[in-house]
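The structures considered in this document are given below.
Presented sequentially are two complexes of chain A, the first with chain B as partner and the second with chain C.
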Partner chain A sequence: MIITVKLFAQYREGRFKIEQKEYKEGITAQFILDELGISEDHLPLGVLMVNSRHQHPDIVLKDGDILALFPKVGGG
Partner chain B sequence: MADMIYRVDMSNLTYSIEEVPNEWKGLGGRGLTSTIVAAEVDPECHPLGPNNKMVFAPGLLSGTSASNSGRNSLGAKSPLTGTIKESNVGGTSAGIFAKLGVKALIIEGIPKKDNTFYQLHVTKEKVEFIEVPELVGKDNYFVLDAMLAKYDKKVAVMSIGRPGEMKMVTSNISVKDPKGKLRSHGRGGLGAVMGSKMIKCITVDAESYKEVTIADPEKFKEASKIFTKALQNNPISGEGLPAFGTNVLVNILNESGGLPTRNFREGTFEFAENICGETMAENIKERDGNTTHGCHAGCVIQCSQVYNDKEGKYLTSGFEYETIWALGAHLGIKDLDQIAKIDALMDDLGLDSIETGVTLGLAVDAGILEFGDGEKAYSLLADELANGTPLGRIIGSGTGNLGKLYGLVRVPVVKNQAIPAYEPRAVKGQGITYATTTMGADHTAGYAVATNILNSGGYVDPLRKEGQVELSRNLQIASAAVDSTGMCIFVAFPALDDPTCLPALIDMINARFGIELTGDDVTNLGKNILKTERAFNIKAGFTSADDRLPEFMKYEALPPHNVTWDFTNEEIDAFWDFD
Partner chain C sequence: MLSLISFLRSSVQDNYVPYSAYTDAIKRFSCSFREVETAVFNEGWMPRRYHRNQHSLSQKDQAKLFHAHVLIFGCGGLGGNVAEFLARCGIGTLTLVDGDVYEEHNLNRQNFSTPATLGMAKANVVSDALMRINPALQVNALHRYFDSTMLDVLNGKDVVVDALDSPEVKLLLASTCKTQKISFVHCAIAGWIAQCTTSTNLSYLYKESGKGAEANRGNLSFTASLGASMQAALVVKILLGKETLDDTLWMIDFNDNESIQIPMKI
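Then we have the complex of A and B:
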C-alpha cells in the first residue's frame, strides 16, 4: 500500500519534507516512526495526524493514508 | 521607597504621585489595569471621550531578574470593541516602570487646547508635558529615533503613528524593544485612545531608577533557577520557538484543517509551505538574519527573529504567525518577503496586524482588491490608510465596520474584534474562547489551541464539543493570572506539562513581596479578574447575546472536515458558571 509521509519542523533535518512510499499491509504508524528513527531519546513525537486527525502511533494505516509527524511545537 | 501610582490629567496638564491604595497592593499587570479601569472608568463612556482612561501597569515580577517577566499591561475601554481591554507587550517599558517604582501610570482627560500633541516624560519625581509639533504626522520609527537621540538612548518609548493620531480603531501603541525595534500593545485600537488624549509618545526615564526590592532574595534566586530551567527544558519554549518562531504554527494548523483560508471559507491553504515557519527559518539562515531575538530583556525563549530580504538587508522582526496568517492564508499573499514588507510597514504606522490583516482579507470580499494582491495591500496601507483618505479610513475602521459598509455577511468578528488565526469550527475550544472572553475575539485569552492541536496539557479533540468549555474556562482563568505577573504567555507551555514550573512562579511572587500565595490564591486571582472585566462589560451594555460567533459559521460547513459551529447558547453561557 502507498503511504504519504509528511515531516515538519526539526523532523525535516536530514530527512525530507514529503515522501510517498510503498509499505506492506497492516503496518502501524509506529513502524514508520521506528524506520525514521523518531523516539523519546531525541525530539520526541509531539503530534501525529493521519488524514488531518490526531491519532496514536499504534493506529493501523491503510492504503492512501497521509501521515503527518511533528515534534512538540507551539506559538500563538 | 514604595511603589507609587502616577496619575496624569491631560485636561489640565497636571500630575500627581500617589500612594498605592491597600486594595491594589497585591495586584500587577492585567489584574491591576482591569481593577483600576473597572473602578474609575464609566463603562458607558465614549472610549475616545474625556472619561476614558489609559492605565499602564508592569507585572508583579517585572523589573526582577525572573526570566520572561518583561510584559507591560495597558488597560482602557476599547474603541474597537466597547468592552474593557487589556493588551500587554514586551519591550523595555515594563522593566523600566517597575524599577522606577511606577506601580501604574493612569492617564485621564483630554487637553483643552486643540490640535496640540504632547510627549509625556515620566521620571521618578515628575511628569513633564512637552509640545511636539515636529513629531505630528510622523510614524513610529521617526518618533523612536528622535526620542533615543534626545535622551541618549536611556528611555523607554511608547508611541503612536499617523493612524493613532487619526484615532483609527486599527491603531496600536508601539514600544521600543531592547534592540531598538518595535513591539506593540496590539489589540483593541488603544492607539486611538492615546491619540484622543493628544499624546504622541510617552518616554520613561531609564537612568535614575533603582533595582526592585526583593523581600527574600535567597528564596527568589532558588525559585528563579527552577523556573528558568523549566522554560529551557521544555521542547516548545526551549527548542521549537527559538528555532522557528511562532510561525511554526502554519503547518500544524494547516494539516489539522484549522487554518482559516480565503476569509474563513476553508481550513487549509494550498501555499502554506511558502509562508510556513520552516521556510521562514531557511530564508533567515540563507540571508544572514537571526532566528532568535528577545522582545524584552531576560527573555530565554527568544521567539522573535531578524528577517532579511534576498540581498541580506533588514526587512522586519517580531514576524508573527498571526500576521503571516492574516496576510497569507486569509488574504492570499504567497510571498513571505512581501508579507514581511507589509509587516514592517504596519510596525512603523502602528497598526494592529491582526485587525488590519483580517480587514484587508475581508476587503477582497468587498471587491477592493484581488485575493493575493500584495502590492495593492501595501498601497492601501501606505497611500490610503496612512494618509487618511476615505478608502484608507474604511480600511482603518477594522473588520466589523468594513463588513457593515459593504453589506457583507461573512464577517469574522466577535464583539467587533477580528478573529485571529485559528478556525473556531475546527478548533472548537478556541471558538469558546473567542465567544466568551471579555476582550472580543482574542487568541491569547485562553489558548485552547494548545490542547486541541498541540498536545500540550493533554488532548481534547478539536472537532468535538466535549470538554471545550471547561478547557477554555481553565485556560482563561490561568491566562488572566499569568497576565498579572508580567510573564510572557508562552510560559504556559512548560506550565501545562512541567509540574515544577507553576510552583516556581508562585514562589518567585512570594519571595518578591514576602507573602504566602498558594496555587488556589492564584486561581482565585484569575477568576476575580475575569469577573471584574465581565461586570464592566455588562454595565457597558453587553449581554450573553454578544458571546457569540458570527452566524455564518453555524450554517456554512468548513472543509476539509465539513464542520460547523454547533454549540447551543446554553452550552456557551455555561462558561460563566464558576464561583
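Then we have the complex of A and C:
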C-alpha cells in the first residue's frame, strides 16, 4: 500500500517534508515512526494525524492514508 | 472647588488626555494614577498613550481592556513578553504567577532578564517593570508554581494565559479552565516553532508527560516573542469578542517560513 508521510518542524531535519512510500499492508503509524528513527529521547512525538484526524501511534494504516507527524512543543 | 473631572477636561485634546495631566492631577487631588485613568475612560476619553491604537481599537474597546483582569501563568520567555504586550495594549489588571527566579540561560529571550535581575523572582521583576510602563495598572505577583492546590486563583479572571513550560502543568491548567469555563489561551515554543490555540483539548498535543523539542532545541528570542504576540493578540480578541482559535492550533515554523493550522475539535 502507498502511504504519504508529511513531516513538520524539527522532524524534517535530515529527513524530508513529504514523501510517498510503499509499505506492506497492516502496519501501524508506530512502524513508520520507528523506521524514520523518531525516538522519544530527543524529539518526543506531539501531534499525529491520519487524514487530518488526530490518532494514536497504534493506528493501523490503509492504502492512500496521509500520515502527518509533529514533534511535541511544550516550552514557555 | 474644581473636581478631578473638570480638571482633566481642561487638558483633553481630540479626546486624548496626556500623561502630564495625570501627574498634575495626582499632585492636586492626592489620587492614584489608576483613579485618574478610570475617570478618563468613564468620561469617554482616551489616555494619550493609546493614540497609536486608534481605529484598530475603539474607545469602548480600550475601556473594556482597562476593566479586564488577565491571569498569566509563567513569566519566562512567553509570559514576560505577553505581560508587556498586554500592559502596553491596555489591559488594566494582570495577575502573574511564576515560582522561578531568573537564571543566566534566561538572558537569551526573557525580556525583563538582565544580569542585575539574576536570582530575583520573575513574577516580581515583571510586575515592577509593568508598573513602570503604566502606573495606572494593577499588577499582582505570585511567586509560586501553579498546581492543583491553587485552582481558586482562576476565580473571577477574564482570561487565563498558558505561558507555562511543562506539558503536564499545561494540561492541568487547560482542564481547569475547561471545568471553570474560563477563556484560555495556550502557547508553546521550541526552537524556531511557536504554536497557539484557545482550545482546551491539549491532550491532542501532549499524549505523554515529559518535555518536548525545547529540551533539545532550546528557544530563540524571536520565537518567544512570536508566541507571546500570538497569545497577546488572542487575549485581546477574546475580550473584544473577535474570532479566536477554539477549533484550531496555529503553528508557525520560522525556520521553513510556514504557517500551519491543525484542527483541535474532537
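Side notes on the structure shown:
Here, the second predicted complex is superposed on the first by the 72 of 76 C-alpha atoms of A that agree within 3 Å, B and C clash if a C-alpha of one lies under 4 Å from a C-alpha of the other, contacts with A are read in each partner's own complex, and residues count from 1 in each chain.
Here, a contact is a pair of C-beta atoms (placed from the backbone, for glycine too) under 8 Å apart; a residue touches a chain by one contact, two chains touch by 3 or more.
Quick caveat: nothing in here was measured; it's all calculated off a predicted structure.
After overlaying the two complexes on the shared chain, residue contacts for A:52 are found with chain B and with chain C alike.
Of the two partner chains placed by the overlay, neither chain B nor chain C lies in contact with A:32. Once the two complexes are overlaid on the shared chain, A:42 sits against chain C while remaining clear of chain B. In the superposed pair of complexes, A:67 makes contact with neither chain B nor chain C. Of the two partner chains placed by superposition, chain B and chain C are both touched by A:76. Legend: residue contacts after superposition of the two complexes on their common chain; A:9 is shown touching both chain B and chain C. Touched by chain B in one complex and by chain C in the other are residues 8-10, 12, 17, 43-44, 46-47, 49, 52-54, 70-76 of chain A.
Across the complex, chain A is touched by residues 74, 76-79, 162-167, 170, 187-195, 204-208, 210-214, 216-217, 219, 249, 251, 253, 255-256, 260, 262-263 of chain C. Residues of chain B touching chain A in their complex: 234-237, 239-241, 243-249, 251-252, 255-257, 273, 277-278, 303, 321, 443-444, 447, 449-450, 453-456, 459, 461-463, 489-490, 493, 560-561. Note for the complex: chain A touches chain C at residues 8-10, 12, 17, 42-49, 52-54, 56, 70-76. Residues 6, 8-10, 12, 17, 43-44, 46-47, 49, 52-54, 68, 70-76 of chain A touch chain B in their complex.
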